[in-house]
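The letters A, B, C and D name the chains in turn, as written, and every chain counts its residues from 1.
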Amino acid sequence: MKIGIIGATGYTGLELFRLLGQHPRRPEITVVTSRKEEGLALTSVFPALSGLANYDQLCYEAPDKKNLAGRADLFFLATPHGTAMELAPALLESGARVIDLSADFRLRESEVFGQWYQPHAAPELLAEAVYGLPELYAPEIKAARLVANPGCYPTSVILALAPFLKNGFMADDAPPIIADSCSGTSGAGRGATAGTSFCEVHDSFKAYKVVGHRHTPEIEQELSRLKGQSLTIAFTPHLLPLNRGILSTIYAVPSKGVQIDDLRDIYLKFYGSAPFVRVRPSGYEPQTSDVRGSNFCDLSLFYDQRAGLVKIVSAIDNLCRGASGQAVANMNLMSGWPEAEGLGLAPVRP
Amino acid sequence: MKIGIIGATGYTGLELFRLLGQHPRRPEITVVTSRKEEGLALTSVFPALSGLANYDQLCYEAPDKKNLAGRADLFFLATPHGTAMELAPALLESGARVIDLSADFRLRESEVFGQWYQPHAAPELLAEAVYGLPELYAPEIKAARLVANPGCYPTSVILALAPFLKNGFMADDAPPIIADSCSGTSGAGRGATAGTSFCEVHDSFKAYKVVGHRHTPEIEQELSRLKGQSLTIAFTPHLLPLNRGILSTIYAVPSKGVQIDDLRDIYLKFYGSAPFVRVRPSGYEPQTSDVRGSNFCDLSLFYDQRAGLVKIVSAIDNLCRGASGQAVANMNLMSGWPEAEGLGLAPVRP
Amino acid sequence: MKIGIIGATGYTGLELFRLLGQHPRRPEITVVTSRKEEGLALTSVFPALSGLANYDQLCYEAPDKKNLAGRADLFFLATPHGTAMELAPALLESGARVIDLSADFRLRESEVFGQWYQPHAAPELLAEAVYGLPELYAPEIKAARLVANPGCYPTSVILALAPFLKNGFMADDAPPIIADSCSGTSGAGRGATAGTSFCEVHDSFKAYKVVGHRHTPEIEQELSRLKGQSLTIAFTPHLLPLNRGILSTIYAVPSKGVQIDDLRDIYLKFYGSAPFVRVRPSGYEPQTSDVRGSNFCDLSLFYDQRAGLVKIVSAIDNLCRGASGQAVANMNLMSGWPEAEGLGLAPVRP
Amino acid sequence: MKIGIIGATGYTGLELFRLLGQHPRRPEITVVTSRKEEGLALTSVFPALSGLANYDQLCYEAPDKKNLAGRADLFFLATPHGTAMELAPALLESGARVIDLSADFRLRESEVFGQWYQPHAAPELLAEAVYGLPELYAPEIKAARLVANPGCYPTSVILALAPFLKNGFMADDAPPIIADSCSGTSGAGRGATAGTSFCEVHDSFKAYKVVGHRHTPEIEQELSRLKGQSLTIAFTPHLLPLNRGILSTIYAVPSKGVQIDDLRDIYLKFYGSAPFVRVRPSGYEPQTSDVRGSNFCDLSLFYDQRAGLVKIVSAIDNLCRGASGQAVANMNLMSGWPEAEGLGLAPVRP
C-alpha cells in the first residue's frame, strides 16, 4: 500500500510518520507535500525521524494535484481547513482514497459548514464523506472513499456521550449538556504565533473562544444523531500548558432514577468490542498522561447526587486518538485490516 | 505590629513571608512555628528567603500554646485542617487576633463542618468568625478577632458569582450552577506525595475528587447568602501542571432577557471600589499568568446565546489571592490600613 | 520466551512494560514482583497499561527467590541498588539469564564498588557480568548470563566519547574531560520525595551532587578502557523540569591539528552499523525531544577554535536508551534477535 | 523623576513595568514607545498590568527621537541590538540619562563590536558608556550619563568569577575557563518564532549556538579586566523549558593549594556589602527557583579534588537580575538612591 501525506509539516503529519513508521503492514509513504518546505528533505525538517522507515529518502514537493494522481493508494490530507476541499475531488477522481484530517468534510450540511467556516468548494462530496469515528461508523468507514477524520475535541466529547444519548438516558427537559474541554497546545498547530509561544503558555492556563468555537456544530451534529433529535451543547475550550492531551469534563442531567453503576454497565456493553475505549472503574480519575502517545480514550463516570448531574470525564491524546491515530485506525478499516493494527502502543508514562 | 506564623513550612507560610517581607508597614515577624522543623533556621528550610527582612534571624519552634501567648498581636494559622481549631481559642484568649488560613472556621454551622470534615473542637467560635472575603465582608473583618480566610477555589467561584446572585440574575427554575475549576499544584501543599510528584503532574491534566470536594459546602454557604436562598452547585476540581493559579469556568442559566453588557455593568459597579477585582472587557480571555504572583481576581463574562447560558471565567493566584495575599488584605483591614497596602505587586509575567 | 520483572513498580519497570508490550517476538511476562504492592493488579498501579498485552492479568507478588526459580527465562532486575546483588546469584543458579538495571554489576572491581556504594554481596559475579552497552560489547552481551545495564548518565557520556578516545584524539597532556549533564526528573525514580515534588522542580533548574555523583566511577571505568589508560573526569549532574531526557555537553581538549570534519567522519564510521546512534550533521543542535520515547542517542560535534576545545553534545531518553530500551536491546542480543527488534519506535514529538 | 521606556513591548520592558510600578520613589513613566503597537493602550497589550500605577493611562507611541527629547529624565532602551546606538546620542544630547538594555554599548572597542554584531553607529560613546554591573562599577554608574546594562549570561558568569580572578586564584597555565550556561526561554524575547513555540520547548532541553554566541566577547572583556590579562573562555548556552532563570556551571583550574573554604571566605568578603549576591554555604545546590522574580544572584562553590577543578554555580533570574532588575539598580545608583531601593522582592516560590 502506497501512502501520500499532503501538508506534511504540521504536528498531525509528524504524528502520522510516527505511527506509520512502525506499522506492521509496512505501508510505504511515497509522496509528502508542503508548499513552504518544497525541496527540503523530510528529516531536515523533522530530525527526530532520521533513521526510521524510508524517511531519510523523502523530500517535500509542492502539492500539485496533477502530480499526485496515481502515486498513492491513500492520501492523508493534513492541511489547514479550506485546502482539503480543493484537493479531495481530484484525488478521488484519480482512484485514490482519502482521509481528511481537516474539518472540510465533517459537517454533513454545506449551509452549516458555510455558517461556521466558509462556503464549501465541494458540497457534492459532503453526502458521501463518512465521519471517521470507528466506534460509531466502522461499517461505513470500511467502504468509504472519503473519510472525514473527526476533530480532537469532538472525539473526546462524542465518545463520552454516545452510550448515554443512544440509550435514552438524557432527561427530556434537560438543560443543555455542558462540555468543558481542555487541550494541550499541540492542538493549536506547529505555526509560530504569539499566543502559543512558550512563555505565554507555560505555567499558565486560559479559556479561549469561550463562545462559538467551530467544533461546536460538529459535536452537535453527532450528538443529535445519537439522541435522535436536535440538541444544543455549551462547549468551552481551554488551553493547557502541556504538549498532548484533551480532558473533557461533561455535565448532563440524566432521566430520573438512573443508577451510576447501571450506566457504567451500559458503557461497558456499548464499548465492549472497541479496542481503544477504556471504560474505567468507579473512582478512577482520568488523566491525560494515562493516554499520552496512545490511541486510547479513557472514560470515567460519576454521579453528583446533590446536584442531580452525571459527570463524564474523557481523556484522549489530541494528536493520536484525536487526529492521526484515529486516521490510521480508519486506514486500517478501509484496508480490511484490524482496526487496532499498529496502534497497540502503550501510553508514554511518564 | 508583631506577627506570628503558625505552621510556617508550607507554601501558604512561604507566601506570607514573601508578602510581609516587603510590606511598607514593616510588620515584624516574631514567632514562626513548625513541629517538624523545630530548631531549624527559617532560611535553611527556605533558602530563597535569605537576605530579606529579619528572616535570617528566625528559627522554628514547636507550636506550644503557652509559649505563643503575648508574643504577637496577630497570628496567621497556616496549619492543616483540624489544628487551627485547637490553637485558636488560647490565642484569642491571650488577646491576639487570628487569621486562620485553614478550613476550620469557614463554615458557619458546626454540623455542616462535621459532615464534611470532622467534629468541631471549638464550635462556639463559629458564630464569631468572620469569612474573610473583603469584597463581601470588609466592615466585619475590620472589627474581627477571628477571620476565617476563604479557600482558594471558593474565592474564585464566589467572586465570579457574587454580583450575579446578589442582583437576582439567576433564573428561578435554573438548574444547578456548575463550577468547573482547575488549580495549580501548589494548592495541594508542600508535602511529598506520589500524586504530586513532578513526573506524575508534569505534561498531564486530571480531574480529581470529581464529586464531593470539601470546598463545596463553603461555596454553597456563601452563594446561598448572596442569593438569599439555599442553592446547590456542581463543583469539579482539576489539577493543572503549573505552580500557581486557579481558573474557574462557571455556567449559570440567567433569568430571561439578560443582556451580557448590562451584566458586565452590574459587575463593574459591584466591584467599583474593590482594588483587586478586575472586571475585564468583552472578549478578554482570562488566564492565570495575568494574575500570577498578584492579589488580583480577573473576571470575564460571556453569553452563550445558543445554549442560553452565561459563562463566567475567573482567574486568581491560588497562593496569593486564594490564600496568603487575601490573608494580608485581611490583616490590613483588621489593622485599619488600606486593604491594598503592600499588595500592589504586579503579576509576574512571564 | 518468558520474562520476569523484579521491582516492577518504578519508572524503569513501567518503561519495560511499554516496550515489551509491543515487541514483535511477543515475549510473555510471567512474573512481576513488588514488595510494596504485593497482591495488587498491575493495571491498578499503572492504569495506563490496561488493555495491552496480558497486563490486565498480572498481579504483583513478593520477590521471593525460591518462587522465582524456573518461572522465567530472563529476569529484568529493576530494583534499587543493593537488591540486585542479593537476588542475581539464585536466579542465575536456577538457569535464568539476568539483566540488571541497577548499578550492582556495572563496576568491575569490588573495591571500587565498595568505595562508592556499599560492600558487594556477590563480588564473584563482577568478573562475569558484561557491561551492557551494545555499541561496545555486543559479542559479549550475546553470550552473557548476567548483563549490567549501563547507567543513564554513563550511556550519554560514553557514547559521546568512545570514538574520540578509542581513536587517540585526546591530547596527552589534556586537562580532565568535563561532562556537564542534565537529566529529566524521571531519573530520580517514582518515589515521592520533597525534592522531586512538582512545585519544587517545575519552572526551575538546579545542579545537584555537584561533586561525587556515583556515576563518576562507571564513566571513568569505561572511558579509561577506551583510551587504554586511566582517566579522570569532572562530572556534574543537573535536574531538568521535564520527564524524560538527558543532554550531556562534553568538553575535551583534542590533540593538535584535529579537524572537526575528520572527527565527524570517524564518528560516522565508528557508529556506522549501530542502529541507535545518530551522528548528526554539522550545526545540528541536539535536543532531548528529538529522542523522546525512543532508543536513539543523538551526537553532535563542535570545535571551539578560540578556546581550543571540542564540544560534544549527546541526547538520549534516560528511561528508554538510558535504561529499559537498552535493556531490551540487550535482551534481543542475548536471544539471538536483531538488536533493534521492537525498538524502532519514532521519537514522540511533540 | 520621569521615565521613558523605549521598546516597551518585550519582556524586559514588561519586567521594568513590574518593578517600577511598586518602586517606593514612585518614578513616573511618561513615555512608552513601540513601532508595532503605536496607538494601542499599554494595558491592552499587557492586561496583566491593568490597575497598577498609571499604566491604564499609558499609550504606545512611535519612537521618534524628536518627540522624546525633554519628556523624561531617564530613558530605558529595551530595544533590539542596533536600535539603541541610533537613539542614544539624541537622547543624551537632550540632557536625559540613558540605560541601554541591549548589547550596543557593552563592548568597549568598536572593532570587537563590529566583529560580533555590526558596524557601530556611535563609537564615540563606547568610551563613555559604563558597564552597569553594580558590584564592579558602582562609583562609575553613579556618575554615568550612559549605562550599558550587562547581558543576562554575562551577569551570571562574571559575578561567579570576579573574586576568583580578581584575587589571582586562576592557575597561570590553566586551560580556558568553561562556562556551561542554561537559560529560561524568556531570554529569547517575546517574538513568536518556530524555535520558541510552546511545543518545541516544553518537555525538552537543547544546546544552541554551541560555538560563537555573542555574549562571549562581553564575558571575556570583563573577565580579562578582572584577571588583569587577556583571557579566553569556552561558553555554551542551552535553552531551558522554563520562563525565567539562568544557571551557569563554571569550571576553572585553580592555582595549587587553594582550599575551598578559603575561597568561599574570599567570596564572602568580596560581596560583603553587595545587597544582591548571596554566597551560599557549603553544599547548597543552587536552583533558579530560589531567585525567581528577584534581583539576587546565588553563588555556590565546589572543589572537585579528583579532577583538580573548582566548580562555581551561579543562579539568577535572567529578566530581573539579568536585565530589568539590574537596570533599576543602575537607575537607583544614578539617582543617588540606595542600590536596593524597590528591589527587595522575595523570590516567587513556588
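Everything that follows uses one rule, which is that contacts are C-beta pairs under 8 Å (C-beta built on N, C-alpha and C of every residue); 3 or more make two chains touch, one makes a residue touch a chain.
Just so it is clear, the structure is predicted and the values come from calculations on it, not from any experiment.
Asks: Write down the chain pair in C-D, B-D or A-C that repeats the interface of A-B; the criterion is over half of the contact pairs matching by residue number.
Replies: Overlap exceeds half of the contact pairs only for C-D.
Asks: Could you let me know which interface, C-D or A-D, is made of more C-beta pairs in contact?
Replies: Answer to which pair has more contacts is C-D.
Asks: Using mean C-alpha positions as chain centres, tell me how far chain A is from chain C in Å, no decimals.
Replies: 36
Asks: Indicate the whole-number Å distance between the mean C-alpha point of chain A and the mean C-alpha point of chain D.
Replies: Chain A and chain D have C-alpha centres separated by 45 Å.
Asks: Distance between chain C and chain D based on Cα centroids, please, to the nearest Å.
Replies: Chain C and chain D have C-alpha centres separated by 39 Å.
Asks: Can you list every residue of chain D that touches 2 or more other chains, as numbers and ranges?
Replies: 11, 186, 199-200, 202-203, 241-244, 289, 292, 350, in rising order.
Asks: Per the contact definition, I'd like the list of chain B residues that touch chain A in the complex.
Replies: Its residues touching chain A are 175-176, 178, 180, 182, 184, 199-200, 202-208, 210-211, 216, 232-234, 236, 238, 240-245, 247, 249, 251, 253, 285-289, 292, 300, 302-309, 311, 313, 315, 350.
Asks: Flag every residue of chain C that touches chain A in the complex, lowest number first.
Replies: These residues of chain C touch chain A: 11, 14, 17-18, 21-22, 24, 46-52, 186, 202-203, 243-244, 275, 278, 280, 284, 289-291, 293-294, 296, 298, 319, 344-350.
Asks: Can you tell me which positions in chain D touch chain A when the two form their complex?
Replies: Answer in residue numbers: 11, 185-186, 190-194, 196-203, 241-243.
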